[in-house]
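First chain A sits with chain B, and in the next complex the same chain sits with chain C.
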Partner chain A sequence: MPVLARLFAGLMLFLVLVFLLAPIAIVIPISFSPSTVFSFPPTGFSLRWYENIRNADGIIKALWLSTQIAALSTAVSLVLGTLCAIAIVRGAIPGARLVSTFMISPLMIPGLVLGIAFLHAAREVGLRDGYIPLLLAHVVVTMPFIMRTVLASLALFDFTMVDAARMLGCAYPAALWRVLVPNILPGFVSGALFAFIVSFDNYPVSIFLVDVHTKTLPIQLLNQLEMSPDPTLAAVATVMIVLTILALFACDRLVGLRRMAAV
Partner chain B sequence: MTAIDLTAAKPVVRRRVELDPRLVMALPSLAFMSLVFAFPLALLMAKSFQGPDGLTLAGYNRILGDAYYRGVIWDSLTLACRVTLITLLFGYPAAYALTRAKGGFQLIMFALVFLPLTVSIIVKTFGLTIMFRREGILNWLLLNTGLLDAPVRFVFTEMSLVIGMVNVFLPFLILPLYSVMRMLDARYLDAAATLGTSPLNTFRRVFLPLTMPGVIAGSSIVFALSVAAYVTPGLLIGERYMTMSMVMAKAFLNFRDYQLGSAMACIMLAIALVIVFLSSFLTRNLEARGR
Partner chain C sequence: MSALTAATEASVPKAAAAHLRIRQLGKRFGSNTVLRDLALSVEQGEFVSLLGPSGCGKTTLLRLIAGLMLPDTGTITIGDRDLTRTPPHKRNVGVVFQNYALFPHLTVAENVGFGLRNRKMAAAERKRRVAEALELVRMQEFAERSVTVLSGGQQQRIAVARAIVVEPAILLLDEPFSALDRKLRETMQIELRHILRNLGITSIFVTHDQDEALVMSDRIAVMNQGQIEHFGPPGDIYTNPKSLFVLEFVGQSTRLPGKVLQTITGRVEVETPLGHIRAPGSYLPGSRVVVAARPEAITLGEGPAGEFNTIKATLTDIVYLGAKTQLHFHGAAQDEAIQVDVARLPIGGLAPGAELSLRWRIADTMLFPAP
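Showing the complex of A and B:
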C-alpha cells in the first residue's frame, strides 16, 4: 500500500477512535460539574452528584436487581451451555450443527421481538411476577455468548485427556470437572464476562417484562433520563465506565482482550 | 430425544435404558431453549394471526395496507442502509490501520475500539445527547474553530440520529473486519506488487475480495442492529422519526394493541431472518468463487 493510503487509513482510525470515545469521555467531567445543567466547558468541581446517587429514586435498588439477574442468568447459561457444547463437540447428538445454530440463534433475533415473545409466553402460562420471566429471558439472551466462546474453547481441547482420567478411575462427571473445566477456564471467563455485560445492559427485552417493583438498571436510568435529567446520571455512568474498564483490564490479564472479543 | 420422553412418561416400565451420558448433557439446555425461546417465538407468530374469531390476517393488513406503516418500514430500512454505508466508509480504512499498527500500540487501540462495546448503550446515548446540545461540546468546538458563526441545532434532528447510530454500531463492523484483515496473508499483496500490479489494482483485485467476508459479516450485523435499534433512536429523536421498533414498543406499552404489535414484530423477525440468510448466502457464494 502506498504511503498516502496508509496515512489516510491512520487518520480514519484516529477520527474513529475520537468519535467512539467522545460520548463516553464527556460524561466524566459532567459528573463533577457543580451546576444542575450540563454545560461545556465545566465551571468548577463538586462531588454532589455522587452523593446524590444514594438519594436518587431506585437507582441502588435497580443496580442490585440488575446485578442479580446478570449473575444468575450467566451462571445458568454457563452450566446449561457448557453441557450442551460438550455434547455438540463430541458429536453425541445427531444434527450437531443444527443444534449449535439453534443455541446461538437468539443473537440474530431483534431484542424487542424477543421481549414481546417473552411477554406473550409469560401471560400464556400465567406468570405475573416480574422476576422469574426476567431471569428466564436473560438466560436466553446470554446463552449465545456462552455457547460461542465455550464451543471455540472446546474445539481446541484434547478430549483424550478426559478419556485418560476415566481410565485412571475417574467417573465421567468428575473427569469433566477436574480435567476439562480447568483447561477451558479462559473461555469460561471471557464468555461469562461478555454474557454478564450483555444481560446487565439489556434494555429491549427487559422493557416488556419489568413492573413497578422489578426494574433493571437500564430501565431505571432511561426513566430517570426522561423524567429528571440531572448530572446524577452522569455520576452513575462514570461509576459504570470505571467498573467496565477495571473488568476489561482484569479480563485482559486473564485471557487476553482479543480472545474475549473472539477475533 | 423422543425415545427418552416416552420412557419418562411411563415410569412403571423400569427398563434400564442405555443412555449416552453426553446425550443426557445436551438435554437440559435443549429442553430449556425449546420452552423459553422457541415456544415464545412460535406463540408470537400465532398471536399475530389471532383475531376475535379465529385466524385472521387483519394485523398484517393494517400494517401493509396502510401507507403510514409502509412508510415506517421504509424509513427504518433506509435509515439502516445509511448507517451501514457510513460505518463501512469509516470502519474499513480504520480496521486496516488497526491491523497495520505495531504490537503494543495495536493492542491499546484495539482495546479502545472494544471498550465502547462494553459500555452501556444508555451511557453512550446519554453522552451523545450532551454533545449535541446547543451549549454542548460539538457547537463549542465548531464555534471556537471558526467553522460556524452561530450554534446549530443538532438535538432531535435526523443527522444526530444517524451520527448517534453510527457511533453505537461502528465497533460491530470494525471487529469482524479487523479479524479478517489480520488473518490475511501479506504475501498475496507482495506477490501482486512483484507481478507489477499497481497499488490501486492490488487493492481492487486482491485486498478487497479477500476482505469481503469481513465486509459482509460486519455490515450485516450493523444493518440488523440498526433496523432493530430502539434505545438510540428513542433518546436522540423520539417520535419525530418513527421506526418499526418504536411502533412495536408503543403498540405494546402504550396502546395495548397486541395484534398490531405482534404483526409488526413478525415482520421485523422476517427482516432479521432475511439478513441472516442473505449474508450466509453471499459468504458461501464468495467461497464457491474462491475455489
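Showing the complex of A and C:
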C-alpha cells in the first residue's frame, strides 16, 4: 500500500476513534474535578463526587433497581428465548420464520410506542405498582438481543450431539444442559451482555412505567441533572464505564471475545 | 481390556437366542409411510447390515431402535425387555452417528467417559474403562487432546470407543464410513469388524454401500420401500437374491426379459431376444419373467447344451479394472446390455465389434417374475 494511503487510513481511524471515544472519555477527568459545575480541563483532583454518590438522593437505590431489572429480564429472556429459538430451529413448527421475526420485532418498534403500550396494558390488567410492568417490558426489550445471538449459535449447532448425549444416558433436559449449553455459551454470553446493557440504560420504555418508588438509574440520573447538575453524574458514569470494561474482561476470560463476536 | 472381554464371555451362554426382536413395526410421516409391518430378529453377537437406497427407511428403523423416534405400530424388544416406548437414555443402546457427533467442548477422554459419568461410576473405575476403550481403538496417546483437532478416521475411533465403553446391549452404526476416503474406509471396515466381533456386541449397521455391507456383515437385510426384501448371509443375498430389486441393488448382473415357453422337470425355458434360455424354476407357460446372471458366472465360448445356456453377442467395450476386466456386450437388437467379468483377456486379445459366444451354467441362471 502506498505510504500516503496508509497515512490517510491511519488518520481516518484516529478521527473515528476520537469521535466515538472522546465524549465518553471526557467524563472521567470531570468526575475527579473538585469544581461544582462541569468544567474541563479539571482544576484539581478530588473524590468528593464519588463520595457524593452515596449522599445524592436515590442514586444507590436506582442503581440497585436497574441492576435487578436488568439481571432478571436478561435471565428470563435467556431461558424463554433459548427454548423459543430451539423450537424455531428444530421444531418444524408452522410459521417458524414468522415467530422468529415476531420475537425480534421489539427492536424495530420505537421505545416510546412500546412504553405507552405497556403503560396502557398494565393499567388494563390492573398492575398499578411499577416493578412488575417494568420487568415485563424489559423482558420484551431484551428478548430480541438474546434471540438473535442464540438463533445464530443454534444454526451452527449440530443437534446430533444432543441425540448422542441421550444415547449415552442423559435425559433430554440433561442432554441440552451438558451438550447444547456449553457449545452455544459464547452466544449466551454475548446475548446476555447486550441484553443486560440494553435493559440497564433503557430510557424511553422505562420512563412510562416508573413511579416514585421505582426509578431506574437512567431516569434517576436525568432527574438529578435537572435538580442539581454537579459532577456526581460524571462519577456515576465513570463507575459504569469501569464496570462495563470489567464485564468485557470477564466475558473474554470466560469464552473469548473473538468467539463472542463471531455469533 | 479385561472388563470388556469379561463382559463378552459372560454373555456367550445367551447366544443363539434372538437378542433384538422387531415385530410389525410401522412408521408414517404424514401421508408418507416409511416403514410397513417390518419384522427383524437379530441374534446375540450378530453383525447385521441394513442395506438399501436412500429413502428406503433404514435410518428411520435405526432411530426407532435407538428410541430417538417412536413407532406408530409394532414392538421392539432387546433380550427380554420391551423397549418400544422406553426413552433413549434408558435403553442401553449405543450409537455411532454418521458425523460422529463428538462433543467439541470436551477432550477425547471426556468424550469417551461421558456415558460412564451418567452411570455414576467412581472416577478411578471410569478412568480405567476409558483407558481400556481408547486402547482398544488404538487412540490411547490422544486422551487429553481436543476432539476438534482429530482427523476423520481418529474421530471415528473415538465415536466407536465412546459408544462401546458403556457396554451397550446393542450397537447401532449409521453409515459411519461415509465421511472417510476410500483407502481409510477399507482399513476401518476391517478393523471395526474385528473389534466388534471380539467384543461380541450385537451390531446393526446402516449403509447404502453394498460392498461395505458384504465386507462387514454376518447377515444383510436389504430394504426397499419400508420393508425388508431379503434377510440373509452375504453369500445368499448375492447368489440367490429373493427379488429383482435385491438382484439389481446388490452387485451387477445381466438381465433379460422374456416369456416362459414351458417348464420341464424343474427347468424353465424362456424365450428372450437373445434366444432360448433355461433356468431352474417352475412357471406357467406364457408368464412374463426376467432371467439374470452375474457377470463372473458368464464365460467366453460355447459349452455343452445340456448344462449351459449359450448366446451370441457383440463386444462393445473393454473396461480394465486391475484385478478383473469387464467386457460389455449387446445382443442383435442392440438394446440388451450383457456384462461379463473375466480375470484375464484370452490370449490374442479381443477387439470391440467381434461377435462372440457366451455361456453360463443353467444352474447359475436366476429367474424372477417380470416387474
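One rule holds in what follows: the second predicted complex is superposed on the first by the 239 of 263 C-alpha atoms of A that agree within 3 Å, B and C clash if a C-alpha of one lies under 4 Å from a C-alpha of the other, contacts with A are read in each partner's own complex, and residues count from 1 in each chain.
Keep this in mind: a contact is a pair of C-beta atoms (placed from the backbone, for glycine too) under 8 Å apart; a residue touches a chain by one contact, two chains touch by 3 or more.
Remember, predicted model here, so these are calculated numbers, not experimental data.
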Q | First, second, both or neither for A:Leu246, with chain B first and chain C second | A | neither
Q: Considering only the touch criterion stated at the top, classify A:Leu221 as touching first (chain B), second (chain C), both, or neither.
A: first
Q. Which holds for A:Val27: it touches chain B only (first), chain C only (second), both, or neither?
A. first
Q: Figure out whether A:Pro182 sits in contact with chain B (first) or chain C (second), or with both, or with neither.
A: second
Q: Considering only touches as defined above, state whether A:Leu98 meets chain B (first), chain C (second), both or neither.
A: neither
Q. More residues of chain A are touched by which chain, chain B or chain C?
A. B
(Q) Looking at A:Gly169, would you say it contacts chain B, chain C, both, or neither? Reply first, second, both or neither. (A) second
Q: Mind working out whether A:Asp158 is in touch with chain B, chain C, both or neither, as first, second, both or neither?
A: second
**Q.** Shared chain A surface residues [contacts with chain B and with chain C]
**A.** 172
(Q) Touching residues of chain B toward chain A in the complex: what are they? (A) 20-23, 25-26, 28-30, 32-33, 36-41, 43-44, 47, 90-91, 93-94, 96-98, 100-101, 107, 109-128, 130-131, 133, 135-137, 140, 167, 170-171, 174-176, 178-179, 182, 189, 199, 202-203, 224, 227-228, 230-231, 235, 245, 248-249, 252-253, 261-262, 265, 268-269, 272-273, 276
Q. Mind pulling up the chain A residues that touch chain B in the complex?
A. 1-2, 5-6, 8-10, 12-13, 15-17, 19-27, 30, 38-41, 80-81, 83-84, 86-88, 90, 92-93, 99, 102-103, 105-106, 108-114, 116-121, 124, 136-137, 139-140, 143, 172, 197, 200-201, 203-204, 207-208, 218, 221-222, 225, 233-234, 237, 240-241, 244-245, 247-248, 252, 257-258, 260-261, 263
Q) Residues of chain A touching chain C in their complex? A) 158, 160-161, 163-172, 174-175, 179, 182-183
Q.
Touching residues of chain C toward chain A in the complex: what are they?
A. 66-68, 87-89, 91, 93-95, 97-99, 101-105, 114-115, 118-119, 162-163, 166
